[in-house]
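Look for chain A in each of the two complexes below; its partner is chain B in the first and chain C in the second.
Presenting the complex of A and B:
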């Protein structure tokens, strides 16, 4: 099972399937009988505006898999980058971008995933964070309903580094965000948040694994989402505390709202602990909107649709409250509000 | 506080594993190895009807084509299924008609294990003392079942599985394999082919079983495995509480225990199933020996408003692979799972439950307390799922793990699948070690470190102990203390 090889060799038998435990809810082999042709190059001059326009001087574009392959942020530098992944057509492509953040540097990465057509894409970022550096990665994914996409982040932190991530997605035909973090402990901090708003027959999968390799690390994770119609959300979070990673403090929460009888939420919050001096906890809830609260709001004169959308917005908005960059948070909040809608 | 005093005395006077003795008794074995002849041999020994043999043989064929599962977080060398004996029984001719005919060695064994086989012994003492009927399974056969007569007066059938196959074939055929299908999994399939004995319980409609039923499983023979099969049916409006206990001698070899337990609860029925599992855990230093406890337990809440509750205290076995589950089919049916799993030494446990919500308004509750010490590994693995028709399904899950020492590990792997908009699932899990403040406080009050740990651990598992029937709760509390012996300092 290897998606990268499957695409390169155009071999559908290498696609991950439900028989692979970590892919049981995001089956690609059952979905794709054949692999599409490689994507055609996409000219970047006719690309419209993106969700983070105007927030950074530098805009990097990865169009149908081609774009920059390496970015370096020098020691002590502070940068904000917009990174747009744009896919069109029904081909298949992969891309891999390496980002090196030097010691004590600060990077705000504003990433978007746009389009997707009816194709298949595997987009990856390798992130190296130097000592005492910090990176906030904010992702907004607005893909076409027929797209199949896997977006990966492999992050490796040095002592004292901080990684914060917030993902917002409306899903696709099948879509997965997979975040893998190697956490050295030693004062390093990780925040991995996510929000999904899924309607129709869309699917989104937020998968993460954080490996605590040294003592005194912190990980904090909050994922929230809503599913409506026949949509399906998947949350898989794994926190591993290796032997010797004492004093680790790791918390994970996933809360989902199901708004339709035919929608589905699957979750697997996992803890794998090999050290005894730790405080690890996870919580997961799945449920509908509280009828009593709705009733109360309607009693106060709010139409039902509006009451519902207010409740959903405040429920999901708590994730945005944790975003560090205020301008980007504002942009994400209005983006999210538009996706939740005013209710019907 | 007699119980507490008792516990302290018990713990003080204990060897590491008190049930590790072997009973020297003349036994009869099936030839070593596993093929169609072995299956036929077991069936013949048990004097089974033709349909039962056919059922076994079909299971054997299916099993031959299956592979041993590898997904659990346990590791063990491949098992050579040809290098074991699948039937071992004390030589007693056609089975004793009364206790007087039972081999005195066997009686002594049970006396040593503290299992009351004589009804008058159970009755001795204060009037109104709780009574419970016992089915004692020694290797592959049931040696005695007590209180059968009194239970029969209430209409309750409580006998060994072999007897049920002969005496109540209609009930066995109707229910056997309907909860755990023959090909459900590798070990269940193996069990279906070679199962030896176990208990059969049928409680007729509207009957509240007049006493606790219990089975005591004992592995004695070397080089053998135990494959018991238990089937409990609570008919409409019936109630039964069933207890199960297990022990085995200390040996250097690993012995396989692959049981299948099926529970069927019809409308308004309630089954309470409690287990205190204390199989030999293997040598704590080297990890040599011990029982492989690969068990399939499942309850089918078939009727509306039926209720099944699993309570387990897992302290023994080298490896535990066990997920007592509830299929909540009936409307408003309820499933509960309360578990304490303790691993010490080099034990490995991968245990949990599945709550499968199929019917409307079904509810379930999972409380799991895992404690790892020594060099052991303890995994909670569970599934809670609601199908599209299970409107109003509710689940509450709490799994807490406690780590004692730096060389053990604890894992939590819950699966949650919600497939409709009207279900509410709540899951929470924590992993911590014993609080140093609390330990310090307890020691300041004059408790030794070991006593302080025991006190805190007892508090940690209290929610589950409370669910156990009285006699078992006391025993379980002792076991918790014993299992953790030597884990401090």
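Presenting the complex of A and C:
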């Protein structure tokens, strides 16, 4: 299984399938009998406004897979970058961007995935975080309902570095965000959060693995979402605490709201611990909105749709409360609010 | 004001109201007393339109408007308020946000202009002071982690801010100590007005020492089996419900 090769060689037999354990709920092989032609180049001058407009001086665009391949943030620098992934048409494309954040540098990466068309894409970021550097990656994804997309982050942290990530997505025909982190411990901190709001037949998969390789690291993960209609959410969170990564503190929570009998949530939290003196916790809940609470709210005058939206917004909004950049958090909150209200 | 005629209602297969009739004129406070299981809470849920409570016969009108054909939120916009026996907790939604959202939803439904945030805050501050509530409590998620007494005060605060025409108080005294009972009752009494009525549902007479009713009705086995003046509450306290339970 290799999605990159599958796209480049147009070979569907290389697509990840339900036989690959980590892909059993996000089967691409069974979905795509043939692979689309390579995407046409997309001129960037006709691209409209993006969700993070105005929050950064620098805007990088990856259009149908073409764009910058490398970004370097020098030692001690502080930068905010907007990174827009734009896909149009029915073709297939891949892109890989390498970001190097120097020692003690700070990067806020405001990333959007904006779709259109039934394409297939594999978009990856390799992130290298130097000693005592920090990166907050904030992602909003609004893809075409017919799109098939995999977005990857491979992050490698040095001692004392911090990575914070918040993903918001409305899913696609089949969509996966996969985050892989190599965590050195030694004062390094990782926060991996996500929110999905899925309707109709959309699918979103939040998969992550964090490998604690050294002592004294922290990982904190909170994923929440709602599924309605016939949508399907997948959460797979794996935290591995290697031998020697003593004193690791890792927490993971996934809470889902199911608003329809035909919607589905598949969750698999996994902790693998081979070290000593480790504090690890994971919690997972899947439930519906409380009918008694809904009646109480309606008795006070809220129409049912508004009551539901208010409950869902407060439930999901707790993830945004953890975002570090206040301006971006406000933007993400309104983005989320607009998508929660959309179905009522 | 409120007019109930031969109301029959069931929950699932079980008939709980069996021909209940009651008139509450404008400006009056009526108490409904009765033994456990008589249908007191069912009456409050039937009137407010809780899903699962099915009216099979009869009529319920508020100032001539048929309540039974309306959704729960439409009944609220008509001015019907239920103070819950066990108020619900709403995680993540601050009390102020909740009440203002509800108030403006009601105003929209009535075709009135929404209340601005500063006007609302001013009123909320005044109401909280009257009920001797710490205003910071209103910034916390509604009822989350509140004591029984705090929840009941929050109900009265919502009542005052939403200013309904008809209020149903379902066992408002349960879980209250004497001091809290006095404050809550004062809050309720302050809302008495010539164009506003109340139905006070209670098992014990104690609450009626504080909220004096104009009329007292005995509910037993799904019907009003006796009605009288305020003195009837004392008689019930003395003699119990046995003779009415038998009569029903």
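FYI, the second predicted complex is superposed on the first by the 341 of 344 C-alpha atoms of A that agree within 3 Å, B and C clash if a C-alpha of one lies under 4 Å from a C-alpha of the other, contacts with A are read in each partner's own complex, and residues count from 1 in each chain.
Criterion: a residue touches a chain if its C-beta (ideal position, glycine included) is under 8 Å from a C-beta of that chain, and two chains touch if they have at least 3 such contacts.
Note that the coordinates shown come from a computational prediction; the quantities given were computed from them, not determined experimentally.
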* To do: Superpose on chain A as described above, then tell me if chain B and chain C fit or clash.
  => fit
* Identify which of chain B and chain C touches the larger number of residues of chain A. => B
* In the overlay, answer first, second, both or neither for which of chain B and chain C A:291 touches. => second
* Which partner does A:333 contact after superposing on A: first (chain B), second (chain C), both, neither? -> neither
* Which partner does A:281 contact after superposing on A: first (chain B), second (chain C), both, neither? -> first
* So, A:315: does it touch chain B (first), chain C (second), both, or neither? -> second
* Given the touch rule stated above, what does A:306 touch, chain B (first), chain C (second), both, or neither? -> second
* Between the C-alpha centres of chain B and chain C, what angle is subtended at chain A's, in steps of 10°? -> 80
* Which partner does A:180 contact after superposing on A: first (chain B), second (chain C), both, neither? -> neither
* Applying the touch criterion given at the start, work out whether A:156 contacts chain B, chain C, both or neither, answering first, second, both or neither. => neither
* Structure fact -> Taking every C-alpha pair between chain B and chain C in the superposed model, the minimum, in Å, is 16
* To do: Identify the overlap between the chain B-contacting and the chain C-contacting residues of chain A.
  => none
* Can you check the complex and tell me which residues of chain C touch chain A? => 48-51, 71-73, 75-77, 81-82, 84, 87-93, 98-99, 101-103, 105-106, 109, 141, 158, 162
* To do: In the complex, go through chain A and note every residue touching chain B.
  => 21, 243, 246, 256, 258-288
* Asked: What residues on chain A touch chain C, complex-wise?
  -> 290-293, 295-304, 306-307, 310-311, 314-315, 317-318
* Structure fact -> Contacts from chain B onto chain A in the complex sit at residues 71, 388, 391, 401, 403-433
